[in-house]
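Per-chain numbering from 1; labels A, B, C and D assigned in written order.
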Amino acid sequence: MSVALREGAAEDVRAAADRMAVFLSRFIRDGELVFHGVASPLPMAAVVMARNTHAPNLTYLNIPGGVDPKPSHLPGSTVARQLMEGALSYFTLTEIFDLSARGKLDLAFLGGAQIDARGDMNLSFIGDPASPKVRLPGGAGSAHILPTAGRTVLWRTVHDARSFPERCDFVTASGNVEAVVTPLCIFKKAEGRLRVKSIHQGVTADALRAATGFDLGDLEQTPTTPEPTDAERVALHAADPEGVRQREFI
Amino acid sequence: MSVALREGAAEDVRAAADRMAVFLSRFIRDGELVFHGVASPLPMAAVVMARNTHAPNLTYLNIPGGVDPKPSHLPGSTVARQLMEGALSYFTLTEIFDLSARGKLDLAFLGGAQIDARGDMNLSFIGDPASPKVRLPGGAGSAHILPTAGRTVLWRTVHDARSFPERCDFVTASGNVEAVVTPLCIFKKAEGRLRVKSIHQGVTADALRAATGFDLGDLEQTPTTPEPTDAERVALHAADPEGVRQREFI
Amino acid sequence: MSGKIMSLTQAAALVQDGDMLALGGNALTRIPAAFVRELARQGRKDMRLVKTAGAYDVDLLCAAGAVAQTQTGYVGFENLFGLAPSYRLSVEEGRVQAVEHACSTVIAGLRASAYGLPSQPVAGLEGSDVAALTGFRQVKDPYTGESTYMVPRIRPRFAVLHVTYADAEGNARIDGGAFEDVLMSRAAESVILTAERIEETAFFVEKPDRTAVPAFMVQAVVHAPGGARPGGCHPFYDIDEDAVGAYLDSASGAESLRAHLDAWEERDHAGSAAASGSVV
Amino acid sequence: MSGKIMSLTQAAALVQDGDMLALGGNALTRIPAAFVRELARQGRKDMRLVKTAGAYDVDLLCAAGAVAQTQTGYVGFENLFGLAPSYRLSVEEGRVQAVEHACSTVIAGLRASAYGLPSQPVAGLEGSDVAALTGFRQVKDPYTGESTYMVPRIRPRFAVLHVTYADAEGNARIDGGAFEDVLMSRAAESVILTAERIEETAFFVEKPDRTAVPAFMVQAVVHAPGGARPGGCHPFYDIDEDAVGAYLDSASGAESLRAHLDAWEERDHAGSAAASGSVV
């Protein structure tokens, strides 16, 4: 799929970005305290759109610290000042970690370079940490948030066997993962392992297996992910008219 | 002396308050970070006056959090809002404790109901803590500040054998005590024990011994505390024209 | 939109017998005085009170027989009036357990709660009898081997804060000294605000950096102008020393305390009576 | 009164080879960019850098060969440009020791320093390989028996903060997100400010609650308008993506990095040239 996207038309990128943003937004429950961190355009779009669909009473927390900002436009950096616009209060990253540590952060969106069969994630190293093949950016707050937030939802825009191995090269973070959203499917975590909750429209079970580095078990009864509704599409485009969410695919 | 003060004229109170405020102020070195806490009119007057005598570059910290306030008048409560007036920044009590803990608070003034021969102080209990004869207010920040501040100067407006015992009934705080200012004398701490540094004018060695619950050793060579200078008196009266410092003697 | 606004009566009724409360403000400045008077009027019992430096608020609840435990660094009326008579008597007679703290160990216990930790290390305390009396335990630092005192988590059921401005959703601004109020709001399970003024949302949007407590932490908002009296509340009023003195004269007996509470009742409810449509 | 105001050249010269620096801002927002460029121009070596989320600042100093160690939770250019190339290469080739942190453990280490403690407990980290790799040790909580990770003190020689407003004495205001700047100022031995604007004392007296760093903590103040560029600085300018891209294009070799530093040199010094009367 990642190959298909890279070779595909801009339209494929748009469709994948729209789907993933919408699917992420569906995990937000109304009234929740929701956080995303650095390098997170898809969750940013998902949170902003969810306020205009099913979760008008969510509270939106982010790294710059604006509580419930009304950004004039979505920035390419999810640490930019637009995420403070229109806020009634500021709540710094330090405060968000503390909030999570005391069990009061409901939902966090976190990305991983690798996400393994246990739902653990890696943003630190490819290869041996002592002599890494690739030094990744680091997990930011994930090692803290994954085990302390009420629920976390992971996402990754590339779905291939290297990104979804049986075991991460290094476990940057592990914890309360509810689900993982990819361009091909949604995983849920059950009994300590990722299971396919639904497969996106147009993706075959065989293609999903081929793109995943761990065993997926029986997929015969796996439902298809409901496509974004018209209302969801409208809300998403209103939230992110410039398509910042697509930058995750570049 | 405490008896003398209680029976004495208001003039005696004024003289004792002026002396103690001036003597406290002399411990401030120019450029220092200086703190006093709750229930501290004498140090408040001492700090404010010192800015107009020998320590124009001190930084004045207090519980309300005004850094270097220019109070329009000195309040009866040393936690009152006047201690924020004219400040360029706020620095809360929590921050002051942290500052002291990391070794950056130069000087703190702290009061004690009892101050013993070792320079330890008690603001907690008279009698057995399990069944106290008197429940005192508690030591506020003293147990933290005494061992962590660079220097501390204690004071007490009553000088009698109960207030200055060989050993406190309970040690609320112990630590870096440089000196103790009383209506009768100034103690300095040396080799773990309070020694008389100077005796105030008009106080005899015998009267001082009689009013003190611990052995004072040889007092023959003890100098007389230099009386407040005219410049100090002028600065003190300018700092505290209403005589709030006298409230400690009521 | 009324949001979380309720009457003083309703807000005080959120507090249950036995609850631990962190009381905002310090000494006689910006204390939740109207709220503690209402707790006394409602006959609340076995409160556990947390504060660095208390005065009228802690003493009045002791006078009302509403307190089981205090965790404080200081309780007294400074050089204005000296010792806190009802607090002192309640402790001396064994009716109130006064857990001896330094102000810094109250802060450390609140930090442990705010940071999601079982306990928080704290500097200082060397040579003090406080640690042994209160039972603060030490750990050996795993890097340096230094012995460090740990203060167990203090997690109040409510932080009760009298603030200068709030909106109906619970955003709170504190003008003047904030003391430990912000930390208390993070350490407590929930927050009850009494506020001098109720403002519109736009007031907070204009200066979001001034919002000390964000709405999502707050359960109740009470409009209580004068709610810190007889204490002071910048920029609205100073400490009323005569009224503090009148309290101290009255607090010596149950009947005179009742008279004190009665005398303040109408004023305490004036701001929030409209909120519920009915006053006690 | 000139107070602590000095030129960028002079302020950067306060930093010695081998010093540990906490760099303010986050990702590409309000970073001390002009200051790190000047460190690179002055040829500083063996810097130890502390930051939760770094980008241009950390990467540029890696590109310049000025870094021995990083303590960070994240270093990268987000979805704008992906991985940080010079940081990545320096670590992969073993020239820079990247101490693996979560952002929360960087904060805990800074808290330990700010609170005068040898180490600070932190929640989270369960199941992560970070603690074992970095060597975070556990203690048994003395009250509950829970195992808790402790992060050793991180005490930078300087916190280097680019702020929106400062006065000549070192009072600093930060408009917009403050990130970890305030904590860094408390954790470090001293503070160096670069500021968009130098204001008179009255500016701070008017809103003392907005002063993020009080003067007594600060050693140097540099007037550096545009000092966060190519990063953004609210309310003055946004992230300049083209300029960030130009850096990334140039950072691949020593000569092109030199050209990048040269290209910024005049702008970097323009604000503070008058302070010393002489520019490099």
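Keep in mind that, in the parts below, contacts are C-beta pairs under 8 Å (C-beta built on N, C-alpha and C of every residue); 3 or more make two chains touch, one makes a residue touch a chain.
Predicted, not measured: the structure shown is a model, and the values here were computed from it.
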Message: Looking only at C-beta pairs that count as contacts, which pair of chains has more of them, A-C or A-D?
response: A-D
Task: Could you put a whole-Å number on the gap between the CA centroids of subunit B and subunit D?
output: 41
Geometric centre distance via CA averages, subunit D-subunit A, whole Å: 28
Task: Find the geometric centre of each of subunit C and subunit D from their Cα atoms only, then give the gap between the two centres in Å, rounded to an integer.
output: 38
Message: Residues touching two or more other chains, restricted to subunit C: which are they?
response: 115-117, 122-123, 209
- request: Spell out, as numbers or ranges, the residues of subunit B touching 2 or more other chains.
  value: 66, 84, 90, 100-102, 148
Field: Chain-to-chain touches, reported pairwise for every pair that qualifies
entry: A-C, A-D, B-C, B-D, C-D
Query: Where on subunit B does subunit C make contact in their complex?
result: 38-39, 41, 63-66, 75-81, 84, 90, 92-94, 97, 100-102, 120, 123-124, 129, 131-148, 170-175, 247-248, 250
Statement: Note: in the complex, subunit A contacts subunit C through residues 33, 59, 66-67, 84, 86-91, 95, 98-103, 148
Query: Any idea which subunit C residues touch subunit A in the complex?
result: 113-117, 167, 169, 171, 186, 201, 204-205, 208-209, 211, 213-216
- request: Show which residues of subunit C lie in contact with subunit D when the two form their complex.
  value: 115-123, 137-144, 146, 148, 150, 152, 175, 209-210
List of subunit D residues in touch with subunit A within their complex: 26-29, 52-53, 72-76, 78-80, 83-84, 87-88, 91-92, 94, 98, 100-105, 107, 122-130, 133, 176-180, 183, 232, 234-235, 238-239, 241
